[in-house]
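To keep things simple, chains are lettered A, B, C and D as they appear, and every chain counts its residues starting from 1.
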Amino acid sequence: MSALLELAGVSRAFGGLRALSSVDLAVQRGEVVGLIGPNGAGKTTLVNVVTGVHRATSGRVRFDGEDVTRLRPYQAARRGIARTFQIVQPFSAMTVLENVTAAALFGGAARSIAEARAQAREQLAFVGLEQAADRRAGALTLAMRKRLELAKGLAMRPKLLLLDEVNAGLNAVEMDAALALIRGIAARGVTIVIIEHLMKVVLSLCSRIVVLHHGELIAAGKPSEIVKDARVVQAYLGRRYAEAQPAHG
Amino acid sequence: MLVLQVLANGLILGGLYACIAAGFSLVWGVLNIINILHGSFIVLGGYLAFFAYSIAGIHPFASILIAAPLFFALGYALQAGLINRMIAAPVLLTLSLTFGLDLMLANGMLVAFSADFRKIILDPPLGVLSVGPLVVPVDRLTAMILALALTGLLYLLLARSRIGRAIVAVRMDREAAALMGVNVKRIYAVTFGLGSLMAGASGALLAMIFPISPLVGPAYLGKAFVICVLGGLGSVPGAMIGGLALGVVESFGALWLGPEYAVPLSFTLLILVLIVRPSGLLGKRGYE
Amino acid sequence: MKRPIAGAALAALTAVFAVAASAQDTIRVGAPLPMTGPLSPEAVKQQRGYNLWAETANAAGGVKVGAKRMKVEIVYVDYQSNTPRAVQAAEKLITQDKVSFLFSPFGSGATKAASGVSEKYGVPTLAATASSAQVYDQGYKYLFGTFTPNDTLTEPLSDIVRKAAPGVHRVAILARNDLFPLAIAQEMEKSAKKRGMSVVYFEKYAIGTLDHASALTQIKAQAPHWIFATGYTNDLVLMRKQMADLKLEAPVITMIAAPAYQEWIDATGKLSENVTSAAWWHPAVRYKGKDLFGSTESFVKRFQAKYKTLPDYAEASAAAAGAILQMAIEKAGTIDPAKVRNALASFNETTFWGPVKFGPTGQIVSLEPPVFQIQGGKPTVIHPAAIRQGELRLGVK
Amino acid sequence: MKRDALRAVAMFVLIALLPLAGDSYWLRLGTTMLMYGVLAISWNFIGGMAGYPSFASAAFFGLGAYAGAVAQKLGAPMGFAWALAGAAALVFAAALGVALLRLRGHYFAIASLVVAEVLRELVNAATDLTGGGMGLNLPIPRLASIEGQAMFFFYAMLALAALAFAAMLAAMHSRLGFGLRCIQQNESAADMLGVNTTLYKVAAFMLSGVFVGVAGAIYASWVHYIEPPDVFDVLYSVKAIVMVLIGGAGSVFGPLFGAALFLSLEELVWRNYLQVHTGVLGLLIVLLVLFLPKGLISLRRRTA
């Protein structure tokens, strides 16, 4: 069986600046993949290329057996690619329920507004936001907004969920709740790609980690292997961390 | 030969256009406000020059010196007192605000000056300059040179002076400028004042060239739209190039397509440029 | 300029609110005018003419209708220089203010628009400022105009030029793309071609054009002997100035209709010299009218006494519209619309405005419009021969 | 939705009774009010629901007026000419929408504003077909009585306003309205959620064009004379916006309420402040913007 998501030689340039160069990556069904790399490594650009916000300058993106390289974001969304944003973007003047209903209606499989609303309630219950259903989305706390983002993503019935820094800015308690939630989503069989700064999170969630640096994919493998990879350690964890570790063959 | 003369006409006209648009473009770029009042300010500057000449005999070129401080004060007061309250409002509201103010000003001028067209008749006239087979009217030429000089002065002010650097900083990144201690609201008021100054001064120059009436404001405003889009927002050199380009395009459009198409041609150009290059032909880079 | 409008506006308002009271013994005539907006100076001129007529008629005891005398009341409504508003205003005057007769709104375009309303309601309507044939060829029965067709201006003009300067045969025409300016330019083209002249340039310019340099440069390249330009006062001020800027000179330069207005002469200064024009009337014409004003001289005298200035053709035409309406009512002996309409259709009298007889379309056919030239800063009549004040001078610099 | 629909039916029935109460002046005022209502409701699709500051109303109105008038001049029956005008506006809005709706904020505003200017000059230049600057006369129906004609155009405009209102109500409670609200709030997020933003925006723009186009054609038949500067008057665009602003954008009855209030003010100002009526109108707009932001709050977005 082929991979759910396959990137073959994907490059993306902005003017003269190469944000991604010739990235090859395959994500298997049911995997939870961590995408890491220092600031400006091209992680968000990669998400944007997969979701159709930016078009790959060269290379191919395949999803679920189809070429999605030239799709627009709404088309990608309808094929089952959902994402959350690094900076959460709810429709702030709408209620929480309406936000999720929109996701179920336009990105999911709901055939009517009523059906979408019912599905939205389910997802809100799943992420623990049912109490806040009628509040204005703009009035939520950051942690709640992050959960709202997750609920929206889930309402789209995605095959692939791209989580961009979904834990940034949360305190320890909130983060534990968020991790439990993500595990729950993975347990439903949704394939997840998670962009994360915090090693602890990546190590505890992911079955595999890929590392971007200056737009190039420099390593991929099990968490335990990645933390020992010299290039990764130097690029991402910093020189000092690298020097503190014993050299690795 | 014909082509050369038309080119000369177009460049001279374009110089005047540049002056019309420079202040408008500055306000749009820095404040993100389309100042619908701009056209009426130009007309008001024209009346100032007209009455200064017909009553006190002050030459229109000299009346720029009167118009400049008056219009700066007017613009500063308007921005500080009124428009600053709405600065963060959506496009539609700021647009409606300046539109409403424009209706009031135009109506006020109509009551005060009547709809009769006036024109400054210089006595003695400045005559024409013949360069080989080319003919260039001296009043237009001088007005164009002054207009370009004025636009250049604005450029220097923005590029060299302390306040100018602050304006550029606010245009580039308002939050960062505020963090660095720039009083953003004051900068807005100064910018609007400068925009008004340019309108008033160019109006004083134009009163010598075009007949004025309280109702020609929208015609100038339309030119400013096109020039801004051609030259790119907030950029003084952009306004200069956009103005010259519009003057030349209109002149050759009138020559080749017929004079009735000169105006629609410029608007069609505006739409096409927006569709093809939404940030204007010269992009966003301005003073640097 | 300010006071007359304000005064008129006040008058209009009081008139509107004092409707029903005096309906019995007055003749109410509706006049939609562009009292505000770009055409407001024209409205002032129209009002001067109408008011002079109404005051003169009322001072003489009113209009004789059969056995009794009825006072005249003009109901003004502003239509903001906006044609649909003019149509609305005309309809409002007829249905709400119950006027018996109508003076058309200003100009050919608005007159044409409003003529549908007066036709619909069967209200006799006098148009004081509409000349274009397109206004009258709609088959309407209730519309009558005091301006002759446009070719009655271009034909005598062409004759005079032909005679005085046989060498003139290259004609350039530049017209504002607007009803009257364009229509008369087309007539000029016909008149020129009829006399074997060649039209070497004919272009329209858009309303609101700020620069004529390209068109004038092109005209200059054609080296025409006669430049014929049409437009409103501001267009022709700018154009005349740009001609001088480009050293564009010609034996004959004709502009229509701005040179008939003092405003144009003031705004162009010395450049107005030797520019020719034509209009439907001039204070120098001499007719012995049977209307309330009597001779042309006595009309001019009355006008000057009231307004301290010479009347121009638009002001005179407005007063003439009133005088003609009065004569038609007196002849019909009633204010019944259909009967007054018939009296107008068969009208054949001389007035201070000239001999008045309406053709089958309702447009006047009996006038001989004067041709004039600015000489020494003043309009000087050069045609018709009977009232000539000077000869055509060639060369405009 | 049901309650709104019932209220609307009651309201339109009430308006339909107006001819019983008033004379021809009121009938004309009523027809104008309904026309303004169509302008305001139509603008609400693109400006209120999608949040795009469109100034294209004048372009649709003029296009519809000329399409209808020229069709009638060439011999088409009136009803057919009106339908044709609607179709012309619909197609034009679709094409224009695809080209212009990629622009945001001021750029979109200005581009949509100058469209009317370009159309006006094109109509002006096409003298053979449109009469150019000489304007165009429409045949006056001689069959009905004068009152009958006035009544006819009143009810025609009423039917159009009711149709536009029904379309707005339906849209608001449908997928389209929901999607447009998402776009109005955050366009790129809506895109990411699976909303086909281009399609939805173009649909909103078409809805904002079609009824205005028919209104233009009815208007042309009603006043039976049109000329380019009047039917392509930018004030049609501005008035549509001001009316919605008065009534509150996005709300169901706001546009109609705004139209009625605006027309009353216009009449009042026109009658009582002849000299300064545009100035008073301007003052009104300024006061509205400065002191009545509550009615305007739903427009808060998109400053770029």
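We take it that contacts are C-beta pairs under 8 Å (C-beta built on N, C-alpha and C of every residue); 3 or more make two chains touch, one makes a residue touch a chain.
Here the structure is a predicted model, which is why all the values come from computation and not from measurement.
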Problem set entry | Touching chain B and also chain C, the following chains | D
For this session: Find the chain most remote from chain D, comparing centres computed as mean CA coordinates.
Result: A
Seminar exercise, completed: Closest to the centroid of all CA atoms, by its own CA mean, is chain D
For this session: Looking only at C-beta pairs in contact, point me to the busier pair out of B-D and A-D.
Result: B-D
Problem set entry | Whole-Å separation of chain centres (CA-atom averages), chain B against chain D | 32
Problem set entry | Inter-centroid spacing, chain D versus chain A (mean Cα positions, whole Å) | 44
Seminar exercise, completed: Distance between the CA centroids of chain A and chain B (whole Å) is 49
Exercise. Could you state the distance in Å from the CA-based centre of chain A to that of chain C?
Worked result: 76
Problem set entry | Where chain A touches two or more other chains at once, by residue number | none
Exercise. What residues in chain B touch two or more of the other chains?
Worked result: 111, 260-261, 263-264
Seminar exercise, completed: Two or more other chains are touched by the chain D residues 121, 124-125, 275, 277-278, 300
Problem set entry | Chains grouped in pairs wherever the two touch, ordered by label | A-D, B-C, B-D, C-D
For this session: Within their complex, state which residues of chain D touch chain A.
Result: 173-175, 178-179, 181-182, 185-186, 188-197, 298, 300
Problem set entry | Touch list for chain C against partner chain B, complex | 1-2, 5, 36-41, 174, 177, 203-206, 208-215, 217-218, 221, 233-234, 237-238, 241-242, 244-247, 263, 267-270
Seminar exercise, completed: Residue set of chain B touching chain D in the complex reads 28, 32, 34, 82, 85-86, 88-93, 95-97, 99-108, 111, 222, 225, 229, 260-261, 263-264, 267-268, 270-271, 274-275, 278
Problem set entry | chain C residues touching chain D - in the complex, by the definition given at the top | 5-6, 9, 12-13, 16, 35-36, 78, 80, 82-84, 87-88, 91-92, 95-96, 108-109, 112-114, 116, 119-121, 132, 134, 138, 176-179, 182-183, 204, 206-207
Seminar exercise, completed: Within their complex, chain A touches chain D through residues 51, 53, 72-75, 77-78, 83, 85, 89-94, 101-103, 105-108, 113, 152, 156
